[in-house]
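These are the structures in question, set out in turn.
Across the two complexes that follow, subunit A remains constant while its partner is subunit B and subsequently subunit C.
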Partner chain A sequence: MAAQPRPGIFTGRLFTRKAVAVPAERSVRSFIPVVLPVIVIGALLLLLPTFVPSYIQSLVTKMMIFALFGVSMNILWGYGGIPTFGHAAFFGFGGYACGILIIHGGISNFFLNLVLAIALTALLAAGLGIPAFRVYGVGASDNPIYFLLVTLAFGELLVRVAITARSLTGGSTGLAGIPYPQLDVLGITINSRSFYFLVLIIVVVCFFIIYRIVNSHYGYALRGIHDNERRMQALGYNTWLYKYTSYILAGAFGGIAGVLFAYFGGVMIPGTMGMAMTDIVFLIVILGSASVYFGPIVGAVVIVGVEYLASLYVPDRWPLIMGAIIVVAIMVIPQGIGVLLLDLWRRLIHGST
Partner chain B sequence: MSTFTITTLNGVSYAFILFLLAAGFSLTFGVMGVLNLAHGALFMMGAYFGLAIVARLDTFWLGVLIAALGTGLVGLGIYYFFLRHLYGKVPEQAVLTIGLGYAFANIVLWIWGPFAKMGMTPSLFTGVVRVGTLAFPIYRLAIVGIGLAVLILLWWMQDKTRVGAIIRAGMDNKEMTRSLGINYGLVSTLVFLFGAALAGFAGMLGTPILGAFPSMGDALLLLTLMVVVVGGTGYIQGTMLGALIIGLLDTFGKAYVPEIALFTSYMIFLVVLLIRPSGLIGRKVF
Partner chain C sequence: MALLEVQDLSVHFGGLAAVKDVTFSIEQGERLAMIGPNGAGKTTLFNLLTGQLKPSGGTVIFKGQDITHKAVYARTQLGIARSFQITSLFPNETVRVNALIALQGTRAGRYGMFGVFRKDKALRAAAQELLESIGLWEKRDETVSWLAYGEQRKLEMGLSLASGPKLLLLDEPSCGLTPTESADITSRIRELGSKITVLMIAHDMDLVFGVAERIILLHFGEISCEGTCDEIRANQTVKDIYMGSRKQSSAGG
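And then the complex of A and B:
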């Protein structure tokens, strides 16, 4: 019962992680501050392909994929307070599962492929979650170092498996030749523009589902575990189950992002499951702010955008730039851009307060 | 029989390289509870610093010294500017130091180029010893000797000196240590500098065997983590044990069952983490 939201508090931080008491307001007041921006951004995204060149369109596609990747990770880190360092494993695994199913399994139907890849990724998360949460313990959000190491090792282990199983995964050169998804059933042929809309639809649907999840009773219980796991246990919650299922959920959504990424790039390399990728997604979440739902979306837009600019002007210096962004994100704006944007937006809405 | 002897010798000398690699990390992670995932990159930078000196002045041992000093300073910078402010924020420490590691690798790539460099064996330790019909390089034996010396030094520091006592006290209760009038901040800064310097020292010593290339930090970091976690955090003898286990297992695995050798260390790592997260000997740091 304690996890039930109390409505009506609009002061302070609306979607912040600590504010267990604040649900999404369903009153008329929330139309302008919450619904309007979503509609405007949605409309912009729908109209975008008509007035921008195709490279921007492909850049935005990539941003959306990484936004989903970041938001899926934030289920764990922002809401559950569980710092996984192997989230890229699910991203890469989903992509590989998709590619292998197409190239070696001969499954061309997009929906079947997507469902199978999600199921496989969820299964992997379910398998890895059991040993991983053995070292997490209770209330470990303050000292999660062993969980961090275990999940990191899982990711790197999968990288090694992908390098070794050459006949299936193409080894260290990667699995190449993943075609655009086939939607012949619907009478649509996919080119880069319709792929943009496909990604947009899937990502928006996933955002909506995740939003409903983290703002449901389940999501509030997860926040409660983040704040005080012992208390949640005393209230009768099976906290292990909450953490475990959130790990699977996050893994599955990360897998969807991976599937889209595999179609997007047409190639999967082992590194997408490893430490470097996990660091990028963690950076996306921290930079965008973990305590706001849309934080990782902002983070993804910034990171993918900067990476694109870097690839244009200083293609060899991306790791250096990333290092600089990390330093700024952690040392200078630890609360994240998302919180800054939210404050700015509130100030605009409510005048000078 | 002589294959077995050679494999054992190889395993032991590899274990001592691993020990040198992990000792600095063990010091900062196990003892201070600071996660410095740029350790692999520091090792790599040590190798490059040392090789740059060797290329100009042609003295191996000065190279080792400069490597240790250089990476020590870099490590000091990481600690002073970043990690000092992130106590207790483990995920942030991890993200930051991994990112710095990649940035360092990129800087090294920028300056020295992508191609691997090999170090020359110092003239003092060139040549081989004969074991039956097979030959074993003296340099690897020298590594064992240096590793032993470092082990004894660290062990002595940990158990017998005032610095060791302060660190152990700080590990148990930081506030209490501070309130006794001990400048814990200074001590931990120095320990961090020392740990980073050890990485550079090991990096240069490893060049005749491992070589040096910008992206070597990743693989080395994982090895370091395995060694420290398997052996146990908080004690230097735990790191030695972990290095012996991983080193011997890896070498014997590659010699006798090469098809699964890539995974043996990972398996041990995971099994130990799941059964005894604090390592075989050692105490739970966190």
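And then the complex of A and C:
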């Protein structure tokens, strides 16, 4: 067979999810291309509150929370190949769980609260996952429409519950008065600056854990299921269990983002569990790219940033702008900004290849 | 005791009986080929044996254990592996990662979330062994979708062998290959050794007669006749419904 042409930079495999997979040998020796940017960005984030005004600090806090939200969804979507319209359900539920535990449960300890909220969110995901994956058959990443509808319904259902259960959730006006987390044990008073660092620490720890998971044995099994579930079953993998557990994992990490969001805003409204919030996380992943690990982080920075600018200059036009971004993103950069950035970075490092 | 015993196995799709009351057994170490015209139900029967399809009736017994209603992955864990007629790989991963994923399927660490998959020494050593045995070690860092078709078919068979099966089901292993590549596959199947029992679907008569000890002819979902290579060659029914129409081609698709 004749030698096949190699793909150009903007053709072929780059448009698919696994476009950026590099052989292990090359990716291991990766101090400059991988570790250095992480250190630089980390240092910038650590120093940021010293230089910028508090509204920027608060904006970056929000970016980090949504980045975690996006990366948590990408466990399911980018790696497992399972898109969902109901990921906001876990985000909002985590936030509500946190708020209710503080306001009605009287639990002021931040860590206890966080752990309980994560556990409750994971439990919710475990419960919803069973019926949801009944309509997601073998190799359904090609046709996940029923799964999308079921997960969408779960989110909307939770929105209705939150509106109806007024005494617990505050109804449609939302659950207000969630205070900053208490870290009395550590002797730290939380204000907006120390909250920024708290979010930074938790988000970075979560990113690290998720990064380890998607590169673990489990993570590669998940990628295999994305590519070819039928074959994975024939190889001995219980693919249902992988999909189901990835749904719980994604839900739990989404719940952590929700907890941070509840503390951040001090208020949870029912809409955070429904379509409106799912739209945003969907856009974060599409725009940032589902095919690279840091894609949703880039997406979150862009989306939260644009949302902030929109709220400054054209208030009430955010949905219109978001719609325009979706259209442009899908038409112009279907592979996502993350892939573009990675490609630029590679060319910078390796010269033109 | 036979390794695999199939008793009155049937499956219906609506009114169509795709497989009808099929009964046969395979002994440990045997090489059994299944032939039959297109639409005879060969691949459907494979899907019943591996669990991709649920039978309408009958039983499948493997190593004395009733596996009729077991899931696909559970059968693989017991020692049944298959290859696919339509090449079924992980096209966006490298050859090595394909082998690693395949090998991991029947190993204990497959749910591990704390290790680094690509640096797993035991898996990597096993992958090297597997890839060397199928002659693809040189191509280990190539992305699978860029491999030549013949190499993909080799990898297809390699992945099926990764679980260390007792019973290997090969669905047209030489499908679409050149005669040279086909001969290569034939010799590789011959070299598998008596620990692996082979049940093979094939249209390629060189492959069938080169490998099989016994042949089953499937026609309209039923076993039409069964025998050794010589018996099948001499059988008039076989000539009528199968080979007569395919004299001109040796590499069927």
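Throughout what follows, the second predicted complex is superposed on the first by the 325 of 353 C-alpha atoms of A that agree within 3 Å, B and C clash if a C-alpha of one lies under 4 Å from a C-alpha of the other, contacts with A are read in each partner's own complex, and residues count from 1 in each chain.
Everything below uses one rule, namely that contacts are C-beta pairs under 8 Å (C-beta built on N, C-alpha and C of every residue); 3 or more make two chains touch, one makes a residue touch a chain.
Remember, predicted model here, so these are calculated numbers, not experimental data.
By the document's definition of touching, of the two partners only subunit B reaches A:322; subunit C does not.
In the superposed pair of complexes, A:148 makes contact with subunit B only, with no contact to subunit C. In the superposed model, A:233 lies in contact with subunit C only, and not with subunit B.
Look at A:157: by the touch rule set out above, it reaches subunit B but stays clear of subunit C. In the superposition on chain A, A:170 makes contact with neither subunit B nor subunit C. Within the superposed three-chain model, A:258 lies out of touch with both subunit B and subunit C [touch as defined at top].
Look at A:216: by the touch rule set out above, it reaches subunit C but stays clear of subunit B. Looking at the shared chain after the overlay, A:80 reaches neither subunit B nor subunit C.
Taken together, the two structures place no residue of subunit A in contact with subunit B in one case and with subunit C in the other. The residues of subunit B lying in touch with subunit A in their complex are 35, 81-82, 85-86, 88, 90-92, 94-96, 98-100, 102-107, 109-110, 218, 222, 225, 229, 262-263, 266, 269-270, 273-274, 277, 285-286.
Listing the residues of subunit A that touch subunit B in their complex gives 77, 83, 85, 131, 134-135, 142-146, 148-150, 152-153, 156-157, 160-161, 163-164, 275-276, 279, 282-283, 286, 316-320, 322-327, 330-331, 334.
By the touch rule above, subunit C contacts subunit A in their complex via residues 50, 52, 71-74, 76-77, 81-82, 84, 88-94, 96-97, 100-102, 104-106, 109-120, 141, 143, 145-146, 148-150, 159-160, 162-163. Across the complex, subunit C is touched by residues 1, 4, 13, 16-19, 21, 23-25, 28, 212-213, 215-221, 223-224, 227-228, 230-239 of subunit A.
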